[in-house]
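Presented below are the structures under discussion, each in the form of structure tokens.
Both complexes shown next keep chain A, but they swap its partner, so chain B is in the first and chain C is in the second.
Up next, the complex of A and B:
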């Protein structure tokens, strides 16, 4: 079994929400229920303002708290991809999955059943991108197996070093 | 499996067919792919063969709704004597409009027709019918409400109206009042800029607002509104004083460096001088100037945040001059003087059949001889006072000055007075509501399009109809063909389908038509430093930091910082109003989109939380925003990103919008607050020359 997941680059996300809508369009979801959601935060006082834009969907956790919490065993984990999905014919809409999810990922759908990211289950993994990933103008979202994503984050860090003229850099504190 | 394209994989999953298209949400026109099944658009994304690849912005992906929107215009309409629009047949509409256009031409000359367009969609047909055949010189895009100052500044410096950016190869990018990561711009540039930053490219953003782009910047300069020109001149002063310009490039390719240098030094445009005006410390100005001069390749560009002030034209001239004197032009990582694809016109009209207008475009007579586009805000003068000569017919194509121009009341008065008004649109826009005839256009999903993309090299987009037009709506080329036949020009429009004229337009491209049709785009070679082989088409044959074009027309050949036309906040009206764009909507035509309206359902006035506390208002409260001309009630948003003393209002919502069931009644139309102010040289509308007071409603 593989475990697939999302890599998200906060340096690239501009909070445009194209991922939210691509998810809704591909998955024929209604416009008000968001399987992927972008949160934009700012703090500080003008002009000393900082913030982050974060596009988050289900993390398809290895040990999924939602799956454990569901009293109807409506949530299952795909053997091949690790994707966590809801069987809407078994769900009764009790929302226990939402309350236990540390990311607030499962959403109440219009029919009173829970809905969530399916990792675009129709799209073959490792062959084409997920809808959110395909549309993202900045390519801030990348999907892959956890091993691929870990490798990727190391490569991204190394790439930064390769363009830095200085001989010694404390990564993450380059500007200091 | 690996042999398949991702298009084919998606088609396999969904049972769809891919039809290449083009996004018509904003004027950057990214190439797209539409996935169709049984006459329905199932999914849309970017064109994987184009620079934007499979990506779309939020407005682009949401625009799938316009292929299904029940609120679209479905049949031609004519306003009756009671002022109500009634359904008529295409034949009646085209016969009547053609007859009246002919009568107007006979009585007043072809110059009395003004044809305005916004999205430049299939506008080659406008040019051929209303320009070549009918003979009107008054055909214009929406530039006056948009990038007019940038266009004129670019024309005077580079003799090129629309320089684009090669972020991918840049080491230093400085953006002035431009927010590509926020509202819009060519989408591939977003990815290229962020990837360049990962490789160590520096980003400097000049903007009073902590915009989406400012968020990502290494240095954000929170400048006082409208003072960018002073900052740019101070940077020029530092570069001239330290002689850190590119001397050998200037010797060969720049006209007027000596005059420019003398000008910035003798007028005392020092960093110290600019600090007092801009609020940016002189040490910072010097540091940025030195870094810019020392880093190559670099580029500087500016947009709405500059052109919205009367100071914007000279600010942009200075910004472009800075690119030029440091040798940063048309090379890798610079502003690129985009080369166009070799596209032809769709119709073959013999030269002797063309009508040559006897009078110049009305912009000349209005005192704006250098205006790249018609200053639309001055049209009421031509219609109501016959100044500079009578304008009797207004033809609008997907452009909505009733919403987008200042002084809405005057526009309404003009529309009531004009002899013939026709609007072609996919929605019942506010301008359509004020027009006598309303013609329904097929949406971008239902029509063909041959056009240039905004990629840095030559790139042609061939968009194709993916589904049948909704209701009785027709593609623009068929509307124009119908009109032309009624006007007696039918012989030139003797094509049967769009493919006939599309083949004519693309005949000179070095690609077989079938391959272009399959991919939807053709990409030529991106040539750098074209001036080496092609020269510079200014009158001096060089890039001009001393403008001979301005000098000939009696304007100052060098950029100055002149605030005489500024409208600054005062004790009675303490806020600077900024007419801005929203990241989640575009112009006035996305407010009936359920995806976008679920994200932001109405516009707002955004103020700093310190100002909100002083006014005793909270997020979501209704306030009254009043200028010396009009007032409007609108909801407040508080933000730490907005400069204290500034009130930002995104335009596009409101005006009791009737154009669709989702848009109706949402938000506030703010443009009646603006009096008509324009840059005195370019005629570009200075939307931000407006002071307001805010009180709790």
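Up next, the complex of A and C:
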């Protein structure tokens, strides 16, 4: 089984919420609440202001706590992609999955059943990008296998460090 | 075997299965959730005050979601009415049954307490159980009819077998009481049995050995009732236990927003 997931780059996200819209449009037939949420936070006062935007949906965790917490075994993991999905015919809307999810991803739908990102299950994995990924103007969201995403994360970090103008930051010699 | 010996054997078996189910499907899940949330807190990251403390069920959410069923009310008045009839009928008859078992049976047996066996309390319990049983039966019948008519749409929301089982429990309850009234036509509280009383009158008109059937029907009622309670934690009815806990603690979804804020705060 390959474990797919999302890579999110907070440095690139501009908080435009295009991912939220794309997710809603693509999953219009089955979605009654937002599965992807952009949270924009600012802290401090001018001129010392820091801000960040985070586009969060289900991370399709390898050891999905929501799956373990469900009293009805309504949450399952796709054997091919590792995507975590909710079977609404089994769900009773008790919200224990939301209580256990570290990312607050599962949402209560209008029908009283839990809903969450399905990893765009109609889109062939590895062939077509996920809806949120495809629409993102900054390429802040990238999907792929966890191995690919870890590699990408390391590359991005390395690139950013190499661009850092501060002379004291030398990879592997931070303390010197 | 004496019918009460059978009944208590059933209670022990059914109760054990119920407790095993509740332990496996609710208690262990809650322990896991507490453990994982504590682990997340201990591993550091951003602090969001309301997520740091042990979550306490929010009474307002319980009232809104469990008592008034606002979410179902927003979807449809019919579905809301149906759910309320089942919820209030089930809750009331269960509570009255417990009162009758404790005060009417054991207090009478051990302390000679007669208020709920021959006093005004008996009339109150009889009328209350008849009313709540009737309310439950109406709600379940509506649920069954709606489920059959709108089979495709309702499949995700209503488990036909489960509703049918509870419907049989309720119906056999009335039949049991009617058979008892056929055998005891001089029951001083017959006026309180405003459903089982007329049912007993109607059954008297049918040529059948109702008096002899009273015990088998009572045993059938006891068996399906215990089967229902034993099946409860393994079925959709587990929401009776899990939903008030989960929904009140997650404050009807607000908890999710706080968790997303915590993750975002950690990225800051």
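FYI, the second predicted complex is superposed on the first by the 156 of 176 C-alpha atoms of A that agree within 3 Å, B and C clash if a C-alpha of one lies under 4 Å from a C-alpha of the other, contacts with A are read in each partner's own complex, and residues count from 1 in each chain.
FYI, contacts are C-beta pairs under 8 Å (C-beta built on N, C-alpha and C of every residue); 3 or more make two chains touch, one makes a residue touch a chain.
No experiment lies behind these values; they were computed from the predicted model shown.
Asker: Quick one: is A:56 in contact with chain B, with chain C, with both, or with neither? Answer first, second, both or neither.
Answerer: Only chain C; A:56 stays clear of chain B.
Asker: Return first, second, both or neither, reflecting whether A:43 touches chain B, chain C, both chains, or no partner chain.
Answerer: Both: A:43 reaches chain B and chain C.
Asker: So, A:102: does it touch chain B (first), chain C (second), both, or neither?
Answerer: Second partner only, chain C.
Asker: Residues of chain A that sit at the chain B interface in one complex and at the chain C interface in the other, please.
Answerer: On chain A, the residues that contact chain B in one structure and chain C in the other are 43, 51, 53.
Asker: Considering the complex alone, what residue numbers of chain A touch chain B?
Answerer: My answer: residues 11-12, 14-18, 20-22, 24-26, 31-32, 42-47, 49, 51, 53, 122-124, 127-129, 134-139, 156, 159-160, 163-165, 175.
Asker: Could you please specify the touching residues of chain A with respect to chain C in the complex?
Answerer: 10, 37, 39-41, 43, 50-54, 56, 65, 68-72, 88-89, 92-96, 98-108, 110-113
Asker: If you look only at chain B, which of its residues touch chain A in the complex?
Answerer: 1, 6, 9-10, 13-14, 43-46, 52, 54-58, 60-62, 64, 181-182, 187, 190-191, 194, 197-200, 210, 212, 215-216, 218, 220, 222, 583-584, 594-595, 597-599, 608, 610, 639-644
Asker: Once bound in the complex, which stretches of chain C touch chain A?
Answerer: 25-26, 29-30, 32-33, 36-37, 40, 55, 71-72, 74-75, 155-157, 233, 236, 238-239, 242-243, 245-247, 249-250, 252-253, 255-261, 263-265, 267-268
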